Amino acid sequence: MIRLFPVALLFLAGSAFAATSPECLSCHERDTPAAVARWRASAHAGTVGCVDCHGSDHEAMTAGAARVDTAVCGRCHERAFQQHVASRHGMGLHSGWGCTRTLPRRDPRECRFCHEEGSTLPKSTVHCARFLAQSSEMGEIGCNRCHQVESSCASCHTSHGTDLAIVRRPEICATCHMGPDHPQWEMWQTSRHGVLYSAGGETAGPSCQGCHMPAGSHNVSAGITMTSGMDLLPADERSRQREKMLDICASCHPRESSRRELARGDAVREQSVALVDRAAETIRRLNDRNLLRPSPEERPPHPLSGQQLVLDSQMLYENLSRAERLFFKMKKYDLAKAVKGAYHQNPAYAHWYGNAELKLTLSEIESEAALLDRVAGMNEHGAGPPNPDSRLAGLEQRLQELKRRYERGGMTLDEYTAEKARVLEAVRSSAP
Amino acid sequence: MIRLFPVALLFLAGSAFAATSPECLSCHERDTPAAVARWRASAHAGTVGCVDCHGSDHEAMTAGAARVDTAVCGRCHERAFQQHVASRHGMGLHSGWGCTRTLPRRDPRECRFCHEEGSTLPKSTVHCARFLAQSSEMGEIGCNRCHQVESSCASCHTSHGTDLAIVRRPEICATCHMGPDHPQWEMWQTSRHGVLYSAGGETAGPSCQGCHMPAGSHNVSAGITMTSGMDLLPADERSRQREKMLDICASCHPRESSRRELARGDAVREQSVALVDRAAETIRRLNDRNLLRPSPEERPPHPLSGQQLVLDSQMLYENLSRAERLFFKMKKYDLAKAVKGAYHQNPAYAHWYGNAELKLTLSEIESEAALLDRVAGMNEHGAGPPNPDSRLAGLEQRLQELKRRYERGGMTLDEYTAEKARVLEAVRSSAP
Amino acid sequence: MIRLFPVALLFLAGSAFAATSPECLSCHERDTPAAVARWRASAHAGTVGCVDCHGSDHEAMTAGAARVDTAVCGRCHERAFQQHVASRHGMGLHSGWGCTRTLPRRDPRECRFCHEEGSTLPKSTVHCARFLAQSSEMGEIGCNRCHQVESSCASCHTSHGTDLAIVRRPEICATCHMGPDHPQWEMWQTSRHGVLYSAGGETAGPSCQGCHMPAGSHNVSAGITMTSGMDLLPADERSRQREKMLDICASCHPRESSRRELARGDAVREQSVALVDRAAETIRRLNDRNLLRPSPEERPPHPLSGQQLVLDSQMLYENLSRAERLFFKMKKYDLAKAVKGAYHQNPAYAHWYGNAELKLTLSEIESEAALLDRVAGMNEHGAGPPNPDSRLAGLEQRLQELKRRYERGGMTLDEYTAEKARVLEAVRSSAP
């Protein structure tokens, strides 16, 4: 899982720290004075010099191709590095995919997107479908700015400085843990925990780090019972993690009270996922009837699945029908707000931004489906008496729908055969 | 209105304060050390002990059924308690309904949802339609977390601590007064008042408390001229409250200038409500023509109104047609942003989040209505020459529409009779 | 460009500062004590008195018609005033229009909205289309509260105080630079720059002023390469401004690294504008086919363009078809979030709030277009065999569509003539 970049190798091959780097400073005191000043004021000054972290390939640095990998920092900061690697932060997010090794329902073929057969080292060329469909500039600015946390301690610690007072502030987490898809920052900030922290400091209410990095641990996933896609972890792992979180709550709250509260979050997760599943089924049925426009066949192919309807975590946000566009909002935005809002004790996120939006958007999808059905029905039957041509067209459409539904696993072969026979018999017996 | 919980009764029956509660501390110093430490550092330490507030039914406490009621605090903090009860915070919000006693246009039958005939005590079993349609977990996390303020001083003061410096900070109000339905926190924070407070403290700009809790008053409704549903208070009450607010503004602003500014807010309220009313009328007419899908008749029944179209403050956010889903956004989210944004002097909320969204969403509803009308018209007339069957279906539909409109009070009996006669005559005279 | 208000003229005509204004204070110490106290604590106390800034027309002041113009402050604060006038802040925004003099593709007739022929003084009666369609109260609270910055130093500095520590805080910019149409405040606040500022102060991360008002400059537009409508400045001006910004970045970042980063922003701008243009073309084609409801002809006339489809910066947000309503969101909200999010280094704004919303909303517009096309096609052809009447109606509609497309510049006269001939020939040859 750990990738050893040239810089790291160079470093590991070295035998001692270069206390200062006078040849660097001669230019950089003039060219990047703030960076140099920050290093001078840091704990690294006098012991860890420029070359120790950056290596000596100046051309690569200028080209932006010589980032300081986590493994470089890990040589000295070993415990933090190991905790980081074991956490979701160390899980290959940099590839834009996110390791699925803890997913209970994962597709084993997924491993091959990131790994050679039999290897745990990620391949550097692998990306998620959204990343693959993205421009390189937005991929860099929009995706990798956060999904570099696997390989860059500077994601949180920033470059050159070592001021722990800064990196222990909850704001540090905000840049990545915000926005429509996972607004943990916003929901913490206005939760009771957040407002008490803001009004009275760490002793009045806990920060992000207070619950997710207790005692300075870099395993930010401890105490979390679901994957980043909100699938449940296996039951035994789940209870182990729950107990860890309850230990943290216990410094302020009676254990039974916290357990009750987190169980409410579990229920909200289950109820919210059910709303998303109901919407997905509506969309699959629209696709069975070929009512999505553009249809999956009319779109540019999905980078991983080709000309297929994709509603899972690899769903794109472009070239969608309206029903899918609404579904994307439910699955990616509203669901996260409801579930994470509940666990983070933010009523407005759990309820208004989450639950109410899930239900409003599900309504909208089903209302859209009703309209598409109605328009399609008019296409088939028109206003006048049915004519033989349109009856045949309707039959063909119905058989096509059954075929699509069968092929996506929405019915068994037996059900498919029986239903097909029923449809054909109905046509035969009603023939004039 | 004040409900006396068992804990309160127990307390009121007691005769003296238990200065300490050693039998509690022996366990809780170990089990909830932070809570004990906070109490020890509070003004209550040494005078008000655990049992004084929590009572002695430990089983109920562990089950989460022994919350400390406002009446318990009110025994000592009498003035604050009375002000709280007189304000919107004390109005039975906990039941999820919100007392309607100050509403000018209220339906007298509404009282019975909360009160026995002739009683001012709320019944504990009563809830709002949204709460009734909600899962118990979301009801607890999403609704009651805020709508407990009636009966819990800890809603703002937090448990065990008595640090006034914390509770006077505006952040304290944020957890409840935020989100899509009433973002007072967000709009204050970025208003001139909020940015000056943030940049220079209370002397540079007022906090929430500065205007809504002057001199520490717990009547948070003073100076407000409308109900929480944005209906106007009766005229005389309205001017009394307006003068109260102008007294507060006067410490910084010339009275005439503030009066002008608040009058602009009044105008924005009226203009915004008119946009919502226009949308409601469009939806009622769609329902008269039976064009909403799902129709009110096809849905799970509304918990209070059954199989009816509900567009008032008891409107649900589930199983709606698209037009209603958009209307919900207008009525519950956009309207609040426009009106409260204007009174709170936040241009982006008043205009972009409020006014522009009201107009954009009204456009969308009317565009949806035009499409549904068009599709329905095609159902009736098709593309070929009208045939007698579809003409009869159209007649029946038109008569049904008139009947629905009459029944909802959209036309008088005379108008209904005359219009029905006109429709029938038109069909007769055009018959081939 | 600088308007000299009566107050300013009066002031300019004066010869010396009135050190104190005892006749004002005798009432105002009682009526507006906070304002007087703030003045007493300011650098102006003892040197610049009430009349020096406000003039002596007390009736106009009470009526709110005697605002202190920037020119009044400019008499003493000359350098800041000149920088302000040269920047976007001084560009006639107060009129609600925004000067277009730097726009590469501007329509020369636009000048006449603000200026008499041959004059650079703005006419005071001129407004933008949105302002013209707006109620006077919302115009004041929603538009002019920010678009007064041209003529009011108090927009940022607030009234009566002169505390620079306050006005150098980034919050000061928030009230105007926030919201759906330009959330610079929100995107800075959660960018790395913003979180470092928040966690460690100005030396840890730059504030708004740090990059946009370096060394206290009041030319807030320095270093920006596009207009407020996100059109590119002319190439030479663009590179001049880019170098200015790189100078600012250089205090912390290597120049090549900043240049690469800002070039990514340029690419995101171009890609985002292309998505908006694609949506505009879809809507123009819908309008060619007369499928927008309400159609531009059915609406209240646009204040500047009358009964026309308007999709440029003068687009209204009311009485739109659904496709246009969605387009408004793309053009005014999503585009700004993508582009400004990229330049401000905020991944969630650039990507999720910006790019993903642009693509999702474009999908929705195209899906809406497909549905409208389908319904229109059914109107033309129905379900039965084509009848002569509907064929003629279809022909008329197609010719109308070509005419509209030609008239809006969507095809040349030659293309129009050729296509019209082709359509007529096709009908002729298929006639029974």
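Each chain gets a letter, A, B and C, in the order it is written, and its residues are counted from 1.
Criterion: a contact is a pair of C-beta atoms (placed from the backbone, for glycine too) under 8 Å apart; a residue touches a chain by one contact, two chains touch by 3 or more.
Just so it is clear, the model here is predicted, and its values are computed rather than measured.
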item: Shared chain contacts [chain A and chain B, defined touch]; value: C
item: Homomeric contact chain B-chain C: same or different residue positions, threshold half; value: different
item: Interchain centroid distance [CA atoms averaged], chain B/chain C, Å; value: 34
item: In chain A, residues with contacts to at least two other chains; value: 371, 375, 378, 382-384
item: For the chain C and chain B complex, residues of the former touching the latter; value: 31-35, 62, 64, 134-135, 137-138, 140-143, 145-146, 158, 161, 163, 165-167, 169, 171-172, 174-176, 178-181, 185, 293-294, 317-322, 324-325, 328-329, 371-372, 375, 378-384, 387, 390
item: Chain B-facing residues of chain A, complex; value: 190-192, 194-196, 198-200, 204, 250-257, 260-261, 264-265, 267-268, 271, 342, 345-353, 355-356, 359-364, 366-368, 370-371, 374-375, 378, 382-384
